[in-house]
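Note that the chains take the letters A, B, C and D in the order they are written out, and that residue 1 is the start of every chain.
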Amino acid sequence: MNEIIILHLLLVFMIIGAFVTVEIKNMLSAVISIGAVGFALSMMFLFLGAPDIAITQVIVEILSLILLIRATVNVDNVAIEEKGESVFSNRTALIFVGIILVFAWIAFHSLPSFGEPLMRVSRFYLIHGLREVGATNFVTSVILDFRAYDTYGEAMVLFVSISGAFAILRRWKREQDKDFLRIDREH
Amino acid sequence: MTLYFLNFVLLIIGLYALVFKRHIVKKILGVAIMEYAVNLFLILLGFRKSGVPPILMKDMDMATFIRTAVDPLPQALVLTSIVIGLGTLALMVAMAIRLYERYGTFDMDEIKRLRG
Amino acid sequence: MSVLLPLFTTIPVFSAILMLLVGKFDKKYFPRIWSILTSLSLLFILAAIWGKGTIIHEMGGWKPPFGVVLVKDNLSQLMLLVVNVVTFLTVIYSYSYMRKYEDYLRFFTLFLFMLAGMNGVVLTGDLFNLFVFLEIASIASYALVGYGIDAEELEASFKYLILGALASIFILFGIGMIYSVTGSVNMADVARFIIDNGLADNKAILMATGLFILGFGLKAGLVPFHAWLPDAHSSAPAPISVMLSGVLIKVLGIYSLMRIFYSMIGMTSVVSNILLVMGSISMLVGAFMGFGQDDMKRMFAFSSISQMGYIAVGIGIGTPLAIIGALFHLLNHAVFKSLLFLSSGAIQTSTGTRNLSELGGLRKSMPVTSGASVIGALSIAGVPPFNGFWSKLIIIVAAFSAGYIWLGAILVLTAFLTLAYYLRFQKNVIFGEPTPNMKDVREAPFLMLMPIVIFAVLCLLGGIFNGWLISNIIAPAQSVIMNQMAYISSVLGI
Amino acid sequence: MKGKKQSGMTFIVKTITNLIIGFMMVFGAYVVLYGHITPGGGFPGGVMIALAYILITLAYGRKVVESMVSGVAGSVGDDIGALAIIILGFIGLWIGGTFLFNFLPKGTPFELFSAGHIIIYNLAIMLKVGMSLYIVFLALAILQRVVVTRNENEEN
């Protein structure tokens, strides 16, 4: 039973961390607090019986921290003060969020209760997984044999986003904005 | 059930950051928070009370393993979704850097004004 | 025959990666020719599997609910036709258009991946797999919209990226809820579970429905979520605006909505009313905003929103005639919107500007492009001999026969509004007096003209042979999508 | 000393990097190779090995790492990894009639070569993921040089 309590504590910690990330002025501390949220998330995955995902979440968390710090530190790391009212006034936003939360509360009641998943399809993976695939890590057998097409798609998603990032970062139009930012042609 | 609800609150915080914050990096952080919330939701769905990770150890016998193992399918979905989140993040960081290079500021409303 | 199905997603990816490896040596000609060959080969494969009824391909040899399954029924066949024909002509067009952006290699890699993503979405019978390939197509289109790395293009593609990521998160949340309630991610298995256990009014399914409408509505650019569409379409390079407007918002938005609500969850009155409201508002907003635009591509982007409103209304009404009208309009819109965006790209390369105020009297200096864009403008406005007239007529007749009087009135009003602002477009861009800076304008290069002329001919043929088109291509697709039980039994084999 | 372009970080960071690199590489390889027996798999292992190289880049600066694995070699490795995945899928299509079919013998559980083509997939994914994330970091690190000089221009 204390497992559930730990999960609740970690989730509350993540909510506080997320709120700090959103409201804090300094960008670097915002990135660090989202790192804290990410690591709490990977601990939750451990308690929820998903070691594969916990390892992946820790590793991806480190990499996204490096990327995010890369985007914030070198430039100006103090957020711009909020000048004036944003698009919707906060009151309408709160009402809108209130309606969604109430509807979500009702909808979550009709989900199967926490801890008793239906497992209609995954019971087949557990029963036949060892004999048909031979892997003892059933998550890997689902990823690389039962639903290998998803992993094929995922590998291509990473490939596309990397070549997309290269397309955006390529050295093509950088000379043109010489008047805007004095960029020193270093090499 | 309360875990699902708290997770939904986390999603709403990410949505708030994404819609109302004007700093580009804050929007990226908002998307990252929402990714965390969705991945956590999928794993919460697959959890089994006093469940065992779906990895067979040497000394485990199959019957108890099948009765207590946690659902492996959402974990496969979340692994793919984490990779997609990383890919989107890499693209967003690349665009944020180039946007800063072009406009000299990270404030989206400022950029909209400069854009004319 | 079912061996050919996975080729639709693997051949573009395989040739894109080969192109990257070989492209290190020849950056100029090899990528462009290689991409044309790839999209041509996909057309041949489509011809090979055309009209063979429902073909199933079980990935990795696993039975449907346990493995991922590819399903080609008549609706996917129609979508494959739209996607691959528009892509083939756009690749030929961008052979000479992309000379402005020197980096061909990176462009055609992303282009082929977007094609693979769209083919993957159309063919898959698995909900999570649809999400993965939707991500491939979307991420490729985010990078392609910002390909010119100008100030506006970066801002437009960043806004598109943020809203796209938001939509994908909501879709994934919806998939999680569907999985939790029904225990499976395969569309046919979910449909059978919902019918057997009578879960149609389950609160969680209702919330998943709302999340799907939010997510796929944003990908389709329907009104409450259309903020990204005008900027993204107008600042993208012309071939990418064609792909975005012509196929991407249809495949990722409308096709996914149809597949999920007709084949999986089942069309409830709540969903059809929401689609009707969103569609009619989209029509009006798109039409009214289309008037005030000076930039040609922004005007075409707003008219895309209003035409997507037509298709959403057609799906929302739900009667067989309305679905035929919606699918026929989807096919027609892909043809004439691609024609308009291609001609706007040709006009921009020749005259250097796309603002209607600066253009005028192009009929003398650019006869072929202006002739084709007149055909495009007439067919989108719904003038009789062209294809736009027939599909709009069917949707209007379906609306009136289904008893939606006020909806029919909005449909007719939008048709006249569209006619009005496209006449304005023709008057001063094509037939007006040549403005001073239009003197030394030459016609666009041949490889850009050929796709424009082909699309214009398709507009004309679509209008004349609409009877044949409906009975051979549209009606089978409509009968398949309406018949949920046939879909379930053909996929699950019970 | 201030003016000289100082490549990499302080001495302490460099020595710690020398110590950690070995463990990271070995643990990454373990996670990849035993992905089908213990938790882990192609993806986390690949990112771990990429992080080892990124740590070298942060500690020693870009020039040192470029000599080890250059940008071009990285992108070629990335393409080869992706090609390997597709070719494995096509072999499955050729032998088993369906794409991504597991055509290799299943072997005995708990052994290293026990789950058919899963181990080859893990290696291909490791190569692809590791190389692509490494070259993305290189691209972002290169850009850092340009923006940093901008700040220095404003100071003097």
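Here, a contact is a pair of C-beta atoms (placed from the backbone, for glycine too) under 8 Å apart; a residue touches a chain by one contact, two chains touch by 3 or more.
Since this is a predicted model, take the numbers as computed values, not measurements.
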Next on the checklist: Quick check for the class: compute each chain's Cα centroid; which one is farthest from the centroid of chain C?
Outcome noted: D
Item to check | Chain-chain pair with the highest tally of contacting C-beta pairs | outcome: A-B
Checklist outcome for this item: In whole angstrom, the CA-centroid distance of chain A from chain B equals 2
Checklist entry - What whole-number Å value describes the gap between the mean CA coordinates of chain C and chain D? => result 37
Checklist entry - What is the distance in Å between the mean C-alpha positions of chain B and chain C? => result 28
Next on the checklist: Please output the residue numbers of chain A that touch at least 2 other chains, ranges allowed.
Outcome noted: 51-52, 56, 60, 63, 67, 70, 75, 104, 108-109, 111, 117, 119, 121, 125, 130, 136-137, 139, 141, 143, 145, 147-151, 153-154, 156-162, 164-166, 168-169, 174, 181
Next on the checklist: Can you list every residue of chain D that touches 2 or more other chains, as numbers and ranges?
Outcome noted: 38-39, 41, 43, 82, 86, 89, 99-100, 102, 109-110, 136, 139-140, 143, 147
Item to check | Shared-contact residues (touching 2 or more other chains) in chain C | outcome: 13, 17, 20, 59-60, 128, 132, 135, 139, 142-143, 146, 149-150, 154, 180, 185
Checklist entry - What residues of chain C sit close enough to touch chain B in their complex? => result 128, 132, 135, 139, 142-143, 146, 149-152, 154-155, 157-158, 161-162, 165-166, 168-169, 172-173, 175-176, 179-180, 185
Item to check | Interfacial residue positions of chain A with respect to chain D in the complex | outcome: 51-52, 54-56, 59-60, 62-63, 66-67, 70, 74-75, 130, 132-137, 139-141, 143-145, 148-149, 151-152, 155-156, 158-159, 162, 165-166, 169, 174, 181-184, 186
Checklist entry - Which residues of chain D touch chain B in the complex? => result 38-39, 41, 43, 109-110, 136, 139-140, 143, 147
Checklist outcome for this item: Counting only contacts in the complex, chain B reaches chain A at residues 1-10, 12-14, 16-17, 19-23, 25-26, 28-30, 32-33, 36, 39-40, 43-56, 62, 65-66, 69-73, 75-80, 82-91, 93-98, 100-102, 104-107, 110
Checklist entry - Can you list the chain B residues touching chain D in their complex? => result 53, 55-56, 58, 79, 83, 90, 93-94, 97, 101
